[in-house]
Structures are given as structure tokens and as C-alpha cells.
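Okay, so chain A shows up in both of these, paired with chain B first and chain C after.
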Partner chain A sequence: MMRETWQRLKSDPYGLSGLIVVSVFFLIASCVWSGLLGQGWYEVSGTRWEGISAEHWFGTNLIGQDILQRTLFGTATAFEVGLTVTICSTLLGTVMGALSGWYNHSWLDEIILWLKGVLDAIPFYLFAAAVAFALQGSPWAMHVAMIVTFWTTTARIIRGEVIRIKQRGFIEAARAIGLPGLKTVFRHVLPNTFHLLLVQASIVFVAAINTEVILSFLGLGIQDGVSWGLMLAESSQEVLAGHFGNFLAAGTALFLLLMGFNLLADALQDALDSRRIVR
Partner chain B sequence: MLKIKILLILLVPLMAGGCGQPPATGDVSPAKIYRHAMDGAPGSLDPAQAASIYANFVVVNIYDTLYRYKYLARPYQLQPNLAAAMPEISEDGLEVTIRLRQGVHFINDPAFEDGTGREIKAHDFVYSIKRHFDPVTRAQGAWLWQQRIEGLDRWKAEGSDYDLEVSGLRALDDYTVQIRLTRPFPQLIHTLTQGFAAIVPREAVEKYGQMLASHPVGSGPFMLTSRDSVRVVMVRNPHYRKEPFDLADEGFDHAIHEAWGLQKLQGKSPPFLDQLEIEFINEGAARWNAFSAGEVDFIKVPVSQFDSILSRREPPQLKPELAERFHFEASSESGFIYTNFNMADERIGYHPDPGQDRRNQALRCAMVKAFDWTRSNETFFYKIGRVFPGVLTPAVPEYDAAGDTSYIQRDLEGARQLLAENGWNEETLPVLEYGFPNGVTERQSFEQFRNFMTDAGYPADKIRPLIFATYGDYQRAYSAGKVPLINSSWTMDYPDAENLVQLYYGPNASPGTNSANYNNPEYNRLYEASIAMHESPERTAIYRQMNQLLMEDCASITGISRTLLFMWNKDFAMKPDRSFLGGYFMRFVDLAESLNDAP
Partner chain C sequence: MLGVTFISFLLMVYFGPDKTYELLGKNPTEEQIREVRHELGYDRPFLVRYGDYLRELVTFDLGLSDSNGEPVAAILARTLPVSLALVLPGFVIGNLLGLALGLLAAWYRGKWLDKLVMSASVVGMSISFIVIIIGLQILLCTPYGLNLFPVRGWQVDGPGSYLYYVTVPTLALVLVTLGYNTRFYRAVMAEEIERDHIRTLRAYGASPAEQLFKHVLKNSLVPVLTRIMFSIPFVVISGSLLLESYFGIPGIGLVTFNAITSGDQPILKAVVGLTGILFVVALMINDMLYSLVDPRIARP
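Moving on, here comes the complex of A and B:
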């Protein structure tokens, strides 16, 4: 199946270009994490609002920090937030969805559905901002806010899929030989939802990066560090004065990464579509 | 559908006309409307809660105070407002007698019997000051008179019963107030110009309760007609007393004020406007856009625009194309910006072990030396802020222009040496949190501060941000002593240097105004020795000595006074002000001659 998926992905030029863009950004993030790039994001290495030069490729900001260094470090921030939120919310959503689907119509299912309903009823950005505000001061406030709100969609998708899969013959067989329920779920049911999880995870990743930028712009995001959202917030005071470095650098990086991820997610969805793979 | 379209076509011009044309005062002359932009909004319009400059701007226009400052005279000079004259003060300085004008009325309001505003009497002033000592009011101005007016604190302790008399705050008759002080308080009259001291009718407080915050009932030159989070609209109080404007008495200076058209105010009785609108626009870019689009008539120019409007920095001069359309003034603020060390924090402040105490002092002094005021001024204040050593700002006569400025000179080598000599290195230096409320400029200030310190060898990861959602949260945190490095600013309440030196007086420690929790016995002794003194060479010498002590102890990285740039539409004859109780100037704003003469 994986080979088939890869073949399909390779033949989709948009999907492939998305993959290349995401890979380049991931490579940059990896270089930042390993200390090869962007380590001078906080240093004041120039004077205020310097233009493009050999020393400062994207110019400098108000206090003389190099905008390129900050953009590169912002890439790592985006991936750090994206990966953390995606992994945690996908895991949480998967477990909750699996339990809800496996034990559907039970009290456990009712409670999980009720919880999802409550969380979904609150406007997303308002809720994220409220959680981030309540946990202010914690460097993980923003992550928690997103994880708490993002798991519900994953859980809903997995629940439906689990309900569908548990009617299948091989699950009946597993039950017949006396395999415990939860073992059946984690060993035989969830692996069959992998294609859905992969697509959903890519969507969550995009949403997490997007939300980080918005929350940081509003001052509820990154505490110590730099992100594209903070750079865009800085640019709000600079653009009218005719300085576009922060705006162009952060805006372009954000646009490229989100576009790349969206193309990749669409291509993955097509490539993993079981109706097209199973002949 | 066609009918609806026709209706819309007919209604739109009507609605547009309705929005831009408020009620005219006469049948023929257009209404005079002035729209002022501010960078923040008031939380409450109750004088007892008028703690911010934004609240004061509105409160002093809706209510009356006993005294005010002269419109044009600088340095600031006191002037009777609702008081009939300057106060009579006993020889020992402990008894102050103030006579009120007669025949001044509150505005008409349902709070009064038959809805007609009654005359203001001396007991209204007494009641208004007492409110600050009534816990129910949740007032914020009591600190102005705490421990200073005889019996007032005891009145509060005994339950704040308004029917009980306070020995130090009495209405001798309907038009005479007598204040007895516990010790001489030369700044008393200044406190009576504050929005906090505005006179409120008891009937309105009893009728509206907490809603007085949005339903003011005063006797000032304007009356509130509407208020929301982005705007207040006030109209002229038609019954406001007639007080012809006297150029000479208000401090008119031909060289400065004639170009602004103020000479035409002679003999006219304020307020001159029919309608006064104050727009609250937090974001600098949005405020500038509103001004550029002609939606407001005045702006305090955001620093990000300094580059685009100035043709010269020293002294600031407006570009010719802008000077054709707008009046301009550069004004140094009375307050200042500083970064206090929390002396109650053993990591950086006082320490019970004398050796560590000395090392902490050396650490603070090294950080003072590492701070680059020139760079900070250039970054955030367009190089036109005024950097000064200590707490005596250039706005007060006690400021020593010829004094030693080594405290504000960057000395990286000296900083490194001081750290090394006192055993501070990357391992031993403490982790310190730098507090600030959420905001782009505040974060940039932090990042620049951290860079200054890393230049002197302080590890970047040991200076961390401590971010608060609002300024109120931040203020509560540092007032509770929870912030080691406190970046903040002080706006003077009244034009007297006492308001500056009290910031480091030991007994004023947190939650008081001394957020540094500085407590030097010698400084305290000098403050107490000067407390009854008026401005004089003797007091100046004491204040300068206190300033020196503060610098020797390195209790604060200080300071800079910002240069504020004001621009306003040439259609208006006015001198804007933001210091102290700047809102007073609005009663004197008028349309310029050219507009008055226009058809």
C-alpha cells in the first residue's frame, strides 16, 4: 500500500512540489535545532531598520536584529509547535475516538461525545485564547490550548472508522478467538485507520502553525523566542513607516509552508484514498 | 425591490448628514466639534476611580475641581477653578481654608429633586474627598491624602459613616472648606487639581451607585452624551459659569502662542466648543491613519512616524508640507521610564549576609553600566528623548543639568570588571525575570535589555521574560514584589519634584509607589526632613543628595523622559497638553478665525 501511495504521490506534481517545500522547511528547522542556523535570532547585530545587505539579507528590525536569523528560527518554532500539537492531539483524538467507537452507545461513548460537543460549541479562537490566557506565563500554554481543541475532529473521524471496521470479518475472527477488546482495537483496528490519521495529522499541522501565528500576533503565543506571528506583530508597527522586512519575511515563509502543507495534504488524501488503492 | 433601492438612495445622504452634523447651537452657525485621539480608554468616569490619564482627560471636563493649572503658563502655575481664590494657609502650614465660588450648579439630572441641578456647596467637596476613604467606593486616590488630613484615616477605620464629621475636613459654612493637616503638606493644593478631587453630588452617588462610572453628574464645562470603549462624546454645558478668558492671566506668550491663534480667545467665556469627542485608538498605526484621513483633529504622534514627519530632530521640526496643514509642538514629558531592581528580592537586592549584599550591589551597578541609554533612546525614542541620571527629571527645577552623567554612560569594560571582582560569572549569575505587559514594544525593550546584558557577559538564558496579559496584571505582580526586574514608567501627578523622590522612600514600598522596595535609612531621613519644605535652594540640595544616594546604591536603571510630538489641525486654536491634568485645555479649544469667517 505504501509503495502504491508513493507512486501516486510522485505522479501528482502539486503534491510533489508541496512535499519538496515542506522538506526544505523541515531541513531548515532541523538545522536550527542542531545549532547550525538561526542561533543569533536574539542578538542585536545591526542598527535599526537596516535595508537588505550582504550582512543582513532580509534587513534588520527596529532594535537591529537580523530578520533572516529570526525567520529561520521562526521555522523551527513553527515545526516545534506543529509537531507537538499534531502528535499530542492526534494521539489523544485517536485514543478517544477508538474508545468511543469501540464502545459506541455505551456511557463512555456518551461522555466522550458530550465532551466533544461542548468543546466544539465554543468558537475556536476564543477558546484557544481563553486557555492560553488562563495558563499565561507557561511556555506550554499555547500548546495546551491547541491540543485541547484540536483532538475532537480526529476523534470524530476515528470513531466513525472504528465503528465501520469493527463490523468487518477479521475483527469478528479476533473476537472469536478470545482476543481482549482493547488489544483488538490497538492491534487490529487502529492500524487500519492510519491513512486517515496521516491526512488528518497534516491538516492539524497546518492549523497549529496558523494558530500559533495568530496567538503570537495577539500576544498569547510564544513567550521566550521568536515566531512568524511575533514578527508579523512587529511589522504592524513598521509597515506604515515604510519598513517591510518583517512583514515580507514572515508572511512569505508562512505562505510557502502553509501552501506546501496544503498541497501535500490534498495529495496524500488522494493517494491514500482506499477506493482508489483497493482494486 | 425597486422601492427598497429608492428608499436606500434617499436615506443614505440623510444618514451621512446625520452622522457628520451634530446639533448646531444656533440656527445658522455650524456646530463646533473637536475630535481628539488618545492611545487608551478610561475604565471608569467616577472621579474616585480616575487613576489613568485617559480617565482624567474626561473627568476634568465633566466635573469641577477647586483648582487647576493655568492654560499656557510654563512652568505650571496653580489657578483657582471652583475655589474663589487661592487658599489661606496658617503660619504653621497645618490649617488650610478655601472659599468656594457662589452660584455654581451641577447639571440637571434626575438624581436631583425636580431634576434641576442644585448649587455646589462646601459639604459636596467634603463628601467627595471622604468617598476615597469609603471602601464601598473602591477609590484609587486615597493615597494623596492618607495620613495627611487629620481624622480622615480614623473616620475610615470607624466605618466610613458620612454623617460623622472629620475634624480635619470640614465645611465651615456653605462656601468655606477648612482642612487641618497632620503635618505641613506643601503639595496639598496640587492634589486638589486632580480628577480624584473632582466634586460629586451625593444624590448622584446614591442614585447611580457603581453606575456613576458611566453616568457622570458634574458641573464642568461639558456634559457626557455617550460613551463606549472607543469613544466618548460630550456637549457643552449650557449653564456653565461665565469666566472671560484673560490672556495675561493664563500665561500667554506672543512668541509661542500667537502662531496658534490663541490671542483671539481674549474676553470670551469657555467652553468654546459645542461638542467634544475623544476617540480611544490604542494602536499607533490606526491612530495615525485616523489622523491622516481627517477623522480626528489631534494626535500624539506614534514614534514609528517620527521619521516620516520630521525634517530635523534637534529641535524637532515638522516637514514643510505638513507644517502647512498642521500645528506642531514637541514637549518633554514630566515623567520618565526606568527599570527598577526589586530590592526585596535576595537574588538582586538586599541580602541578610553583608558579603552577598555587597556582591548584589556590584551586580546591580554592573547592569547599570551595561545598559546603553544612547541606543535605547535611538531605538524607541528617535534620539529625542532626554536621558538623565537618577530620579530628578529635566522637567523639574531640581534637575542638575551640569551634574555627573557617568551613571548613564555605557561602560562595558567597567561592568565586566565589576562582575569579575565580585565573583560573578556565567555559573554564579542568578536567573532574573524581566517583567512587562504584553505588547510589541515592551517585548522589543526586553530583547534589547537582554542584549545589553549579554554584551557584559550575562548569559542570555539567565534573563527571562515574565509576560503579563495586561498592564493591570503586571502592576499587581510587581506591587506584590513578584518581579525582580521592573520595567515601567512614572507620570508625575503634580509639578513638584516631591512626586519623584517619594518613589524611593522606604515606607512607600510595595504595594505603594516604591516598586523598587528601596529602603535606605539616610534617603528616608532626608525625605522626611524635606517633606514640609516648599521648592527652595535648600530643598533642591537635599533632593540632589537623595538622587546621589539612589545612584550609589544602583537601585534603578534610570532614566529617560520621552519627547512627545503633538500635531493638530490648523482649523483649531489651542495648546494641547498631556502632562498632569492635560484634559483641562479642552475647554479652551476653539475654531480658528479662518474657519469662523468661512461662509
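Moving on, here comes the complex of A and C:
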């Protein structure tokens, strides 16, 4: 199935360009992690609000830090937040969804459904603020808030799929030869939900990066380091004085990455599901 | 409902900031600490404190704000209308426009118009809310753009000044929700258009308008209404939080934002609790609307 998907993805120009954009950003992030790029994001290397020059490609900010360096470092921040949140919330959502789907109509299913309903009913930014309080301003508060709220959609999708797969013949066969329940779920049911997980994970990634920007802007996000959200927060004052460096650099980078991910998610969905309605 | 209040209580009151040491001077004695904790009710059992919180919510006796001592109920009564006036136009326009574009794209499915609308909505989905706000501000509110509207503020005393202050936030809200709305509505409509009875209608020569509005739109009202009702609590709180804190508009979002940054517990408790109530009310209205638009649902 993977090869067929790859073939279909390759023949989709939008999906392919999305994949390329995401890969380029990921390469940049890897270079930042390994110390090749963006290491001078905190150095004051010029005077305030310098324009575009050979030395400062995107100019400098209020205290003379190079905006290009900060944008590059922000890429790594975005991927760090995106990957952490996506991996954790997808795992959590898969386990919860599998449990409530496999044991549906049991008390376990009821509890998980109730928990999902509650989490979906709390406005996210308030929840993030509350988590920030509860964790006493820990730098991981933002990640925790996102993981705790983002798993619900994944779990809903997986639950439905598990209930559907449960009716199929090969699961009945597994039960007939006496395979224990949980083993059946993890060995035979969940691998069949992989395509849904992949698409959902890319959607969660987009949501995580978007949310990081807004939370950082509200002062609930990244505490140390720099992110596109913090740069945009800086720029909200600067643009009134006519300094667009931060806004253009962070805004464009953010737009390109999100666009790449959206295109990739759409193409994945098309490639993995032949009878899809959108497009 | 109980769940929402329970979690908000757990997070914000039980694990929330401890005001004991703010109220005490330096080097308090053991005795003083115990006294203050007793005054704030910290030493009472967990369930009693939770019960108190529920009673406060139900009776609207929400206590006084920590920062300026004003009753929380009065603050909410003053700011809620402002927020509604701010987000309502954007919410309505965003949904109507999304519905119209969704219908259009579904009708011309696979044609260039469909592709154009869908590509535009992916672009719209990829721009962050903040980028839209700042971008619009540059274009419309500063000397670097058209400079037509105020950069921030809210001094409304009539329809003219209302339009003057509400336009830019409304545009931002429409732009940020339009992409998601259009995609959702198109998927719903495209599914409905595929149905057999619509094909029969087309074969009988019904006009496109009759097909779309009388049959497609009417039959897909259930998912459409669900989406609209469920997004109300979030638009009112989350949407206004960002818009108001950015544009400096004294609505419930700004109050919440200030409460977040200053740790004003009574206000946060009230806002979260009330959102929970709003959510449940939206759910109930939603169920009632269901039976109105689709009589089959009303029967058990």
C-alpha cells in the first residue's frame, strides 16, 4: 500500500511541492539543531532597526539582533513544538481511541467519551492559561496544554475506525483462534488505521504550529529562545513605526510552512483514500 | 457541564496560585499563615471548596475581581455586549460567505471555479490569525497603507463610529474563518448533490436555484447547524480574546487576557464556568433546531 500511495503522491504536483517545502524547512531545523545555522539569534550584531543589507538579509530588530538568524532559529522551535505535540497527542489519541473503540459501550468507553466531551467544551486559550498556572510557568506548559486537548480528534477518528474494523472477518478469526483482546488491537487493528493517523498527524502539526504562534503572542508560549510567534509579537509594535522586518520574515516563513503542510495533508488524504469527496 | 467546572476548578483553584504569601508581609509567623489560609478557605476539604465554586456560578455571585475590587458579575455584564457586537458581524459574514462559496464550489465541482475557490481556501487556512490582523492593520490603519481606520480602540456612540471601529476586526475574523468554513461546507454540499433525488430533480429540469436552495441546502442543514452552534462559544471567547487584546477593545476577551496575565482568579473561574454553561446551552438549542429542520430526529 505504501508504494502505491507514494506513486499517487508523486503524480500530484500540489502534494509534491508541499512535501518539498516541508522537507526544506525540516532541513533548516536540523541544521539549527546540529549547530550549523541560526546560532547567533541572541547576539546583538547591528544597530536598531537596520534595513536590508548584505550582512543582515532581513534587517535587524529593536535591539539590533539579526532577523534572519532569528527566523532560522524559529524554524527549529516550530518543529520542536510541532513534533513533540504531534507525536505525544497522536500516541495518546490512538491508545484512547483504540480502547474506547474496542470496548465500546463499556464503562471505559463512557469515561473516555465523557473526558473528550469535557476537553472539547473548554475554550483552548483559557485552558492553556490554566495549565500554565497549574505548572507554575514551566516551559512545557504550552506543550502539555496542546497535547491534552489535541488528542480528542485523533481518538474520535480511531474509535470509529476500530469499531468498523472490529466487525470484519479477520478480527473474528483472530478471536476464534484465541488471541487475547489487547494483542489483537495492537497487532491487527491499529496497523489498519495507519493511513488515518498519518493524515490526522499532519493536521495536528499545522494546528500545533499555529497555536504556538498565538500562545507565544499572548505570552503563554515559548519562554526561552525565539519563535515566529514571539517575532510577530515584537512586530505588532514595530509596524506602526514602519519597521516591517520581523513581520515579513516571520509571517512569510510561517505561511510557507503551514501552506506546505496543508498541501501535503490534502495530497496524503487523496493518495490514501481513493473515494474522498474534497477535490 | 459538571466536568467542565470540575476541571477548571481543579486547574485554577486547587493547583492555582496561592495567594497566602502575597497578602502577608515579610517573615510571617506560623500563626499568621494559618490565619490567612483560613480566611481564603484553603484549609477546607476539597469537595466543600468545589461545592462553593458551583454555588457561586449558579447564583451569579462571582465574587470580586482581585485587581480592582469590582464585582465580577458587573464586569461581565459590561463587557459581554461589547464582545458580541465585535464578533457577531464577522461570525455571520464568515459563515454566510463560506456557505455561499461552498455551494458554488460544490455545484461546479471539478471545474476551474471549484479549483480556484478550493486553492484560495487552502491559502486562507495557511495564514495565521495574527499575521492577518497585523497585515490588515498595516494595509488599512497606518500611513503605510490606506490609513482609513483606527489602529486600536473602541469609542462607540452610534452606527457611524461602530462601523469605524468594527470593520478591521470583522475583516480579520472573516478572513481567518473563511477557508475552514468553505472547505467544510463544500464537503457537506458535494455529498448532498451526489444524492439520487437531486439527480432526479436535475433530470426533471428543476432550475439550479431551486435545486440548491430548496433541496440541497435544506437537506444539509443538520451538519451546517451543528457546526455553527458549536463554534459560537469558541468564537465569543477565543476569537474575542485575540482580537480584543490586539485592538485594545474593552470586551470580555480583553478582561480575560488581563486576568490571565495578572492571575486574576475570580474572573478566570467565572469565564471558564460560563463558557461551560454557554456550551451546554448551545448543545440544547442545537438539539431543538435538529427536530425543527428534520422531524425524523424528534421521534425516539
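We take it that the second predicted complex is superposed on the first by the 269 of 279 C-alpha atoms of A that agree within 3 Å, B and C clash if a C-alpha of one lies under 4 Å from a C-alpha of the other, contacts with A are read in each partner's own complex, and residues count from 1 in each chain.
Going forward, contacts are C-beta pairs under 8 Å (C-beta built on N, C-alpha and C of every residue); 3 or more make two chains touch, one makes a residue touch a chain.
The shown structure was predicted, so the numbers you read here are calculated from the model rather than taken from an experiment.
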Touched partner set for A:237, first chain B, second chain C, both or neither: first
Partner chain in contact with A:118 - chain B first, chain C second, else both or neither: second
Contacts of A:129 with chain B and chain C, given as first, second, both or neither: second
Partner chain in contact with A:255 - chain B first, chain C second, else both or neither: second
Partner chain in contact with A:176 - chain B first, chain C second, else both or neither: neither
Of chain B and chain C, the chain that contacts the larger number of chain A residues: C
Touching partner for A:219 - first (chain B), second (chain C), both, neither: both
Chain A residues contacted in one complex by chain B, in the other by chain C: 133, 219-220, 236, 239-240, 242
Residues of chain B that touch chain A when the two form their complex: 283-285, 288-289, 302, 304-305, 307-308, 378-379, 438-441, 443-444, 447-448, 450-451, 454, 460, 464-469
Residue numbers on chain C that touch chain A, as the complex places them: 3-4, 6-8, 11-12, 15-17, 118, 122-123, 125-131, 134-135, 137-138, 142, 144, 151, 183, 186-187, 190-191, 233-234, 237-238, 241-242, 245-246, 256-257, 260-261, 263, 268, 271-272, 275-276, 279-280
For the chain A and chain C complex, residues of the former touching the latter: 114-115, 117-119, 121-127, 129-131, 133-134, 210, 213-214, 217-220, 229, 232, 235-236, 239-240, 242, 244, 247, 251, 254-255, 258-259, 262-263, 266, 277-279
Of chain A, residues touching chain B in the complex: 42-44, 48, 61-65, 133, 136-137, 219-220, 223-224, 230, 233-234, 236-242
